[in-house]
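Mind having a look at this structure? Questions to follow.
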Amino acid sequence: MANSKYEYVKSFELSDALLPHTWIVIRIDGKGFTRFSQAHGFTKPNDEQALRLMNEGARAVFEDLPDVCFGYGVSDEYSFVLKKNSKLYQRRASKLVSIIVSLFSATYVMKWGQYFPGKEIQYAPSFDGRAVCYPSDAILRDYLSWRQVDCHINNQYNTCYWNLVQSGSSPTEAQSLIKGTLADFKNELLHSRFGINYNELPPIFRKGSLIFRRKEETVVKVEDGVPVKRLKSQVVVTHEDLIKDRFWKENPSILGTAGSKKSAS
Amino acid sequence: MANSKYEYVKSFELSDALLPHTWIVIRIDGKGFTRFSQAHGFTKPNDEQALRLMNEGARAVFEDLPDVCFGYGVSDEYSFVLKKNSKLYQRRASKLVSIIVSLFSATYVMKWGQYFPGKEIQYAPSFDGRAVCYPSDAILRDYLSWRQVDCHINNQYNTCYWNLVQSGSSPTEAQSLIKGTLADFKNELLHSRFGINYNELPPIFRKGSLIFRRKEETVVKVEDGVPVKRLKSQVVVTHEDLIKDRFWKENPSILGTAGSKKSAS
Amino acid sequence: MANSKYEYVKSFELSDALLPHTWIVIRIDGKGFTRFSQAHGFTKPNDEQALRLMNEGARAVFEDLPDVCFGYGVSDEYSFVLKKNSKLYQRRASKLVSIIVSLFSATYVMKWGQYFPGKEIQYAPSFDGRAVCYPSDAILRDYLSWRQVDCHINNQYNTCYWNLVQSGSSPTEAQSLIKGTLADFKNELLHSRFGINYNELPPIFRKGSLIFRRKEETVVKVEDGVPVKRLKSQVVVTHEDLIKDRFWKENPSILGTAGSKKSAS
Amino acid sequence: MANSKYEYVKSFELSDALLPHTWIVIRIDGKGFTRFSQAHGFTKPNDEQALRLMNEGARAVFEDLPDVCFGYGVSDEYSFVLKKNSKLYQRRASKLVSIIVSLFSATYVMKWGQYFPGKEIQYAPSFDGRAVCYPSDAILRDYLSWRQVDCHINNQYNTCYWNLVQSGSSPTEAQSLIKGTLADFKNELLHSRFGINYNELPPIFRKGSLIFRRKEETVVKVEDGVPVKRLKSQVVVTHEDLIKDRFWKENPSILGTAGSKKSAS
């Protein structure tokens, strides 16, 4: 075959398979989204439509890749968790990262019009991605907690900052007033100066977005005018605490797929 | 800082830096494009608009990443070459792969309407990606030659196949007639049965697409009605042979950026 | 500094750090030991002195590297387990593999004379090594069970084979008689033809060697003629079953060092 | 087969193959050799016997592994270069590092008595190892130059330091006198205070040791009292400059071995 002379170049492709039986997290992150959000006039400190568009990208990933069992989104970042025992693409890091980031990016552009009707997208956004393995359920939960704590800290800071700036402070004044202060100070500031009760802000801002599959009663057909319901697995997006045990106890199937000793064998 | 308790999870991110001073090739490849091309009624064996849309994606990569010095596209696949001495993202494989595949995918969707006016995109396409290092200019050229030979072989086969099928053969008949035959046989078949001179088919089908920067005389302003030209670096797309030396001799700057011994030090 | 011109070459050293919080197993394996055992007249099917010399190499590894918490040896092979949370040499694979294999090899030669007095070592033996990560206790135990089952299967086969050959069978005859037979057949063969009760063979042959630290009552000094004992951590070598739970229950400290959720955080 | 239940653990072994068609350098380095050299009374600043013993270890590597084409030793460190196109052990890093470091260490102990007759080795020495790829001849030469410049700088410093200390200076005095000084100052110091002409010190101290294969006229037999000579490949150790072109021009086969038909080279 004419091509065989050159086919030796394939031998330069080295394996980047990830360790079996560990949780694979693919985290993607908007590249240059400060500029992107300004160019498109995103509301500050949070643009709900932009966040819901991110969730739409995540939903596309869930629909395409059944091995993705959990996702967590905050700001222009999303983390996707693959099942511990997933063998998708032989666990090759670049395959997994690229498929997810590609699908997410394409969906983001496709669905733009639904979330920003009448506002044209100025230029193509892009996301970077990376793959990280977590060897135990406890460490995976610590990873997710890390992201949710980050969401909280950043949101609290940004809420103070933008309220100050929008009410007349210069960026430097706003910064110097809140930098290094404790949570209580910021909550008090929001309350006394802007009448904002931080804990009553929309959960999507304070908690970020959780996406996962949940068995829900769904109308599958209507027989003689009577809706017939079945328990069906649905992709749902919620905005709740994932640091405490409650969420994981209420949704045991998320981490439960590879739990027992037997499944190791 | 409240988040420090969880920050240890960052230590699970392992380095995936690629060997310095080697040509990095990022190859991206449409996922499930047989289905995608059917769903969107792409012309067979080649859809020129679809190929030009791929080139648009490549152009976005060139505009965003100056370290990308060459690209080669065929069918639903594109290879991007980074300069040998590039330090972009510390040469981290997943960063490079994800940024390129993300930008390409987002641009593909954004520009869809320009290439398929009036035809709505049905669902988000996706591409996978991988990074491979090639240690010498000669091996890099062998890699690119491999892709262009592949383009030729596949195109010749597909041109025969689709002409047969479109003129009444069943897929099985078409396949069994041409499978394993030599180039001459296929050329003769195209000529005698369909009056097609293979070598006169559009170069974009036979040679694929080369994308690179070239210094070209460009009108930079008009003074007193006289256009003022300057040599400016332009991103150009051509459809020519890259296997023989000629192309590389005519465009020495593509591989020339890291050539001498000194630049190694 | 005169050397700075060349120091850029250090940048070609890529990271090979192993995933944190996983059990690292370094397995070393004699290279060409069929020839080595023949050249030195090792007893067949098992040379007890050669096995004890292997254990001496393992002991040196234990004395030098406190993070090694368990070892298992069979034939010319040894597996060393590093604590899950070890940070030794930043968990760099080549560092860990090389230090262990180097120390083992040097010790093997140094102690040769003690185990083979009067028999000169003919040439330097060598061992290869590799590092593998196991993400959970259960999988680590499966790994070790794998090696012990292998020890059993090989030993049973070899015991039959060498008794047949030593009693007059040709190698081919011996092989064809036992190849593919079940354990019971081999036990029966040993019993009926050679009067050997397999289960009464020395445990070091049937079970291999386990090496680990155990708190033992040790005489630390003698006061007024009375020996004073303390619980001290000793490196011990045993030859027992490690597949069933018993061994791990009796020695909980081996795997216990990184058990709780807290130590993950 | 009884063992199949556990054999899944093999899937945790990830590939660590090194990039094809690059020079692989395996560098090994004595672990804790300051203590080892004190424990064995090595002469300061250089112990010629200890250096020759290192060369003996290197010779064993050359005899065992034909793909090793060059070696360079200085102090307790040795670098081994594998041919660019070597496929030894499928270029797996841990295999290559471990085999070389193991053989070197075992040989070091075996040959100890020849170089230190009457002096017993106190404890097993050990070496660590790492593998690095260099993509071009020029960069490989820069790597080797880096090591030889290091040899020179360290040797000049140490020669001053130890002559000062051996003639009555305290370590602190010696250090503060020479630290940060230029080569000329050190040469002048050696000459004026100790009558030492640095350039007349033994080349093995100033240049380190080069080991490679060279075709040499060798007596292969004696016929009728007449020695019959043939050109035979011999492993030789020299102590010469490898930074300038001369050495490489005189020994073109060392780097020339990968220049086959492949347009790749």
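Lettered A, B, C and D in written order, each chain numbered from 1.
Criterion: contacts are C-beta pairs under 8 Å (C-beta built on N, C-alpha and C of every residue); 3 or more make two chains touch, one makes a residue touch a chain.
In this text, all values refer to a predicted model and were calculated from it rather than measured experimentally.
Student: Expressed in steps between touching chains, what is the minimal separation of chain A and chain C?
Tutor: The least step count works out to 1.
Student: Copies chain C and chain D touch; is their interface built from the same residue numbers (over half shared) or different ones?
Tutor: Over half of the interface numbering overlaps between copies: same.
Student: Weigh B-C against B-D on C-beta contact pairs and write down the one with more.
Tutor: B-D
Student: Degrees of rotation, nearest 5, to put the Cα trace of chain A on chain D?
Tutor: Best-fit rotation on C-alpha atoms: 180 degrees.
Student: What chain lies farthest away from chain A once each centre is taken as the mean of the Cα atoms?
Tutor: D
Student: Suppose each chain is reduced to the average of its Cα coordinates; what separation in Å results between chain B and chain C?
Tutor: 52
Student: What is the distance in Å between the mean C-alpha positions of chain C and chain D?
Tutor: Roughly 31 Å, centre to centre.
Student: Could you please state the distance in Å, as a whole number, between where the Cα atoms of chain B are centred and where those of chain D are centred?
Tutor: Inter-chain centre distance comes to 45 Å.
Student: Spell out, as numbers or ranges, the residues of chain A touching 2 or more other chains.
Tutor: 8, 12, 14, 19-21, 133, 139, 142, 265
Student: Using the touch definition up top, name the residues of chain C that touch chain B in the complex.
Tutor: 5-6, 8, 11-12, 14-15, 17, 19-21, 265
Student: What does chain A use to touch chain C in their complex?
Tutor: 19-22, 133, 135-136, 138-139, 142, 261, 264-265
Student: Taking the touch rule as given, give the residues of chain B at its contact with chain A in the complex, in rising order.
Tutor: 1-3, 6-10, 12-14, 16, 28, 31, 60, 64, 89, 92-95, 97-99, 101-110, 121, 123-134, 139, 142-143, 145-146, 149-150, 153, 183
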